[in-house]
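Okay, so here's the structure we're looking at.
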Amino acid sequence: MAKLVARDIPGGSYVNLGIGQPTLVADYLPSDKHVVLHTENGMLGMGPQAQGDDIDPDLTNAGKLPVTELPGASYFHHADSFAMMRGGHLDVCVMGAFQVSTAGDLANWHTGDPDAIPAVGGAMDLAVGAKTVYVMMTLFDKDGTPKLVPKCTYPLTGLACVSRVYTDLAVFRLEDDQVYVTETFGTTVDELASRLRVPVLAGPFPA
Amino acid sequence: MAKLVARDIPGGSYVNLGIGQPTLVADYLPSDKHVVLHTENGMLGMGPQAQGDDIDPDLTNAGKLPVTELPGASYFHHADSFAMMRGGHLDVCVMGAFQVSTAGDLANWHTGDPDAIPAVGGAMDLAVGAKTVYVMMTLFDKDGTPKLVPKCTYPLTGLACVSRVYTDLAVFRLEDDQVYVTETFGTTVDELASRLRVPVLAGPFPA
Amino acid sequence: MIEVCGDAEAALRDLRDGATVLVGGFGEAGLPFGLLDGLLRCDAAGLTVVSNNAGNGDSGLAAVLATGRVRKIICSYPRQVDSWVFDRLYREGKIELELVPQGNLAERIRAAGAGIGGFYTPTGVGTPLAAGKEVRNIAGCDYILELPIHGDVALIRADTADEAGNLTYRKTARNFGPIMATAAKVTVAEVNRVVPAGAIDPENVVTPGIFVNRVVLAVGTAKAGSARSGSRETTR
Amino acid sequence: MIEVCGDAEAALRDLRDGATVLVGGFGEAGLPFGLLDGLLRCDAAGLTVVSNNAGNGDSGLAAVLATGRVRKIICSYPRQVDSWVFDRLYREGKIELELVPQGNLAERIRAAGAGIGGFYTPTGVGTPLAAGKEVRNIAGCDYILELPIHGDVALIRADTADEAGNLTYRKTARNFGPIMATAAKVTVAEVNRVVPAGAIDPENVVTPGIFVNRVVLAVGTAKAGSARSGSRETTR
């Protein structure tokens, strides 16, 4: 899945990869694609995770893991970093999700469990700020309930912000409240249509 | 007058000296007073005006004159510089004025002449932002009209912002809509009271 | 001119009950461990802490929370795998939480330092975190109004201070330091070294000295982000 | 990755009629003379220019105004001893002026780059420049609402660019460059040199490359603030 996301990120993009699974996307971005990674704690030009002697507790990613810096990197403070995000300067951000609606609404910060301790971090800023938001998630949760939904029932992170959804079974493009299936993995558009509670259309990726 | 202003600036203050006469104050600030000068075009730790080979067109003050940098200086962009001003971080600013009212209202950017081309610069930011605003001006204009007035008739720069007024004839402290005369030069409090259209009280500077 | 304090307690001497304390750091990078240790030894109670996280493990901010002297925390990401101190206090109703999206948190702190009365942000619109906040449509987009967060004291971690109070930072440990320094009445920086005025290139100053009141040298702690002890290279 | 343009015309190739052009500089420090010369040779008309001043003498921004292709200027300090070009156009009613206090101008540009929909500022309250603007009392103080200023193109003057687009500036020539770079769809920087990525210490980058689209090397002009010609130290 990370490989597909990496494939679809345009060369030369400025990209923020969310905590968890999205960080794997970095492994599939060849250096000649000139993608520059942003980490919202205050850096552009982030390199791979640090190992051994390269580990510096002052150099971490948004998941608080030690990382490295690439030539052409820069550091900036939090207000500048989030201005960069909110101001629409990032081309792509990739995040996980609990639910995505057909309108592109994103729910990924809270399950709605009243006993849960809430934590939001930079998810809402990324959702509204990046020019395009890609989501990576399993298409169904453990109970078989679809996570691509007509309307999110979990607390929202952002409205109408997601444009592509990468899942274990298919890749979706969301546009004008329509859901296009652009790739399937071991399933068919018809089968997906029957298992999801949202109408889906077969559609190729635009060039 | 510049000497008196310099005397009254507390040691260790961060100070902005306005264009024109206020810049002369710098000449009377001994280095052991540790006053740090701010120039709103983006510098703290400004030194004296540059001469000869020290002139660098990239290093100017707010009056666009070449200046120098002192050890401990720093440069920053305009949004940061005015955040510093607006956020109340400067201890003192010294400006010229057309009129000051007994309430401390300041008029120093426009004569109200409808034919004049207006220009405001950073005057309004300094008026609202500095912790204390000192004004340097002649007490009367060429026609003998007082410039310390019950209410400004010229367009305002800021409301209730001036706390001290240094003039050729006296120094005034403005407090709670009262005007205290703290020093006179070749005149008396009674004489001033008769020439001004505002009530004045004799009062020493507070410690 | 800054005051170089001998220890964290001296730097925190005027902390009062009910104060709002801005604490730099993102995770452990940029967390002022020495100052937080000093805070443990202060008496001030009923504090409001503003920080991105709500403490990890048992040291640093977590240790401060464990004293029970923090009434409220304003942060973006309290829940972490090792945030058990906060988790317990929260579940027991012993600490109030104001959850703020990270960018709004940063911008509210910046606004306080910049004299901005409030600002309209798109972040959070349509979400539960916008509850009770004014929504306004400007030029076709919805925004919510957010207000500044002022601090009484800011405790930050920097790399080098010069004697004029100018600061530089190290890598992503910069995070909240530069904005928190602007937003508090008193800013205390824990640094690795103090150098003479002029030793930092004026082009490379990140926090100008006007925003810094006191400096303490970092002491090596096992968990400190920049663990090496501080040094005073020279004094004036 | 930035595009290093051979000349200013190439850097300005997509400038359209009616565009809003942000022009860096305070007086002549930080004014992108080479780009302004290029602007003279463009056809685009009906421009709105946002800059602190409205031109000095007969070169730079004044020369651009003299072409008659600037419909409106948004600035804080148009009137200067040598602003005769602007003065004449203004008196003849040939140019519209929006006068903005300098700090509000800077903050409105920053707001555009930062995705802020509007902000409340104390500057200008009770003055003629607040006419028609919303006034709001927040926590006991009056503020006026100011809206962002977005640019189609930003023309700025920097010192060094690396091939990732990171910029440093020289002294007070920094002024509006860093904020204008964030507020325009296309940012063009006139620089003294282009160095390989990695040649600028990441701690000392003032404008990260994400905000910079094109770079041109400065050519020596008699009146240029940083008059020396630019050099390309290396190419990738």
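The chains carry the letters A, B, C and D, assigned in the order they are written, with residues numbered from 1 in each.
Please note the rule applied: contacts are C-beta pairs under 8 Å (C-beta built on N, C-alpha and C of every residue); 3 or more make two chains touch, one makes a residue touch a chain.
Given the structure is predicted, the values throughout are model-derived calculations rather than measurements.
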>> Going by the touch criterion stated earlier, list every chain that contacts chain B and also contacts chain C.
In response: D
>> B-D versus A-D: which interface comes out with more C-beta contact pairs?
In response: B-D
>> Roughly how far is chain C from chain D, centre to centre by C-alpha average, rounded to an integer in Å?
In response: 33
> So how far apart, in whole Å, are chain A and chain B when each is placed at the average of its C-alpha atoms?
Replying inline: 53
> So how far apart, in whole Å, are chain B and chain D when each is placed at the average of its C-alpha atoms?
Replying inline: 29
>> Centroid from C-alpha atoms only, then distance chain A to chain D, rounded to Å. What do you get?
In response: 34
> What parts of chain D, by residue number, touch at least two of the other chains?
Replying inline: 107, 110, 114-116, 121-122, 169-171, 202-203, 206
> Residues of chain B touching 2+ other chains?
Replying inline: 43, 69, 75-76, 82-83, 85-86, 128-129
>> Please classify the inter-chain touch graph. Allowed labels: line, ring, star, complete, other.
In response: other
>> Going by the touch definition at the top, which pairs of chains touch each other?
In response: A-C, A-D, B-C, B-D, C-D
> Which part of chain B faces chain C closely enough to touch in the complex?
Replying inline: 12, 14, 34, 36, 38, 43-45, 69, 71-76, 82-90, 128-129
> Touching chain B in the complex: which residues of chain D?
Replying inline: 26-30, 52, 76-80, 83, 86-87, 90-91, 97, 99-104, 106-107, 109-110, 121-129, 169-179, 206, 224-227
>> Show me the residue ranges of chain C that touch chain D in the complex, using the header's touch definition.
In response: 107, 111, 114-122, 136, 138-139, 141, 143, 147, 168-171, 201-204, 206
> Which residues of chain D touch chain A in their complex?
Replying inline: 1, 110, 112-116, 162-164, 166, 182, 196-198, 202-203, 205, 208-211
> Which residues, counting only chain B, touch chain D once they are in their complex?
Replying inline: 39-43, 56-60, 64, 69, 75-79, 81-83, 85-86, 105, 110, 116-125, 128-129, 155-159
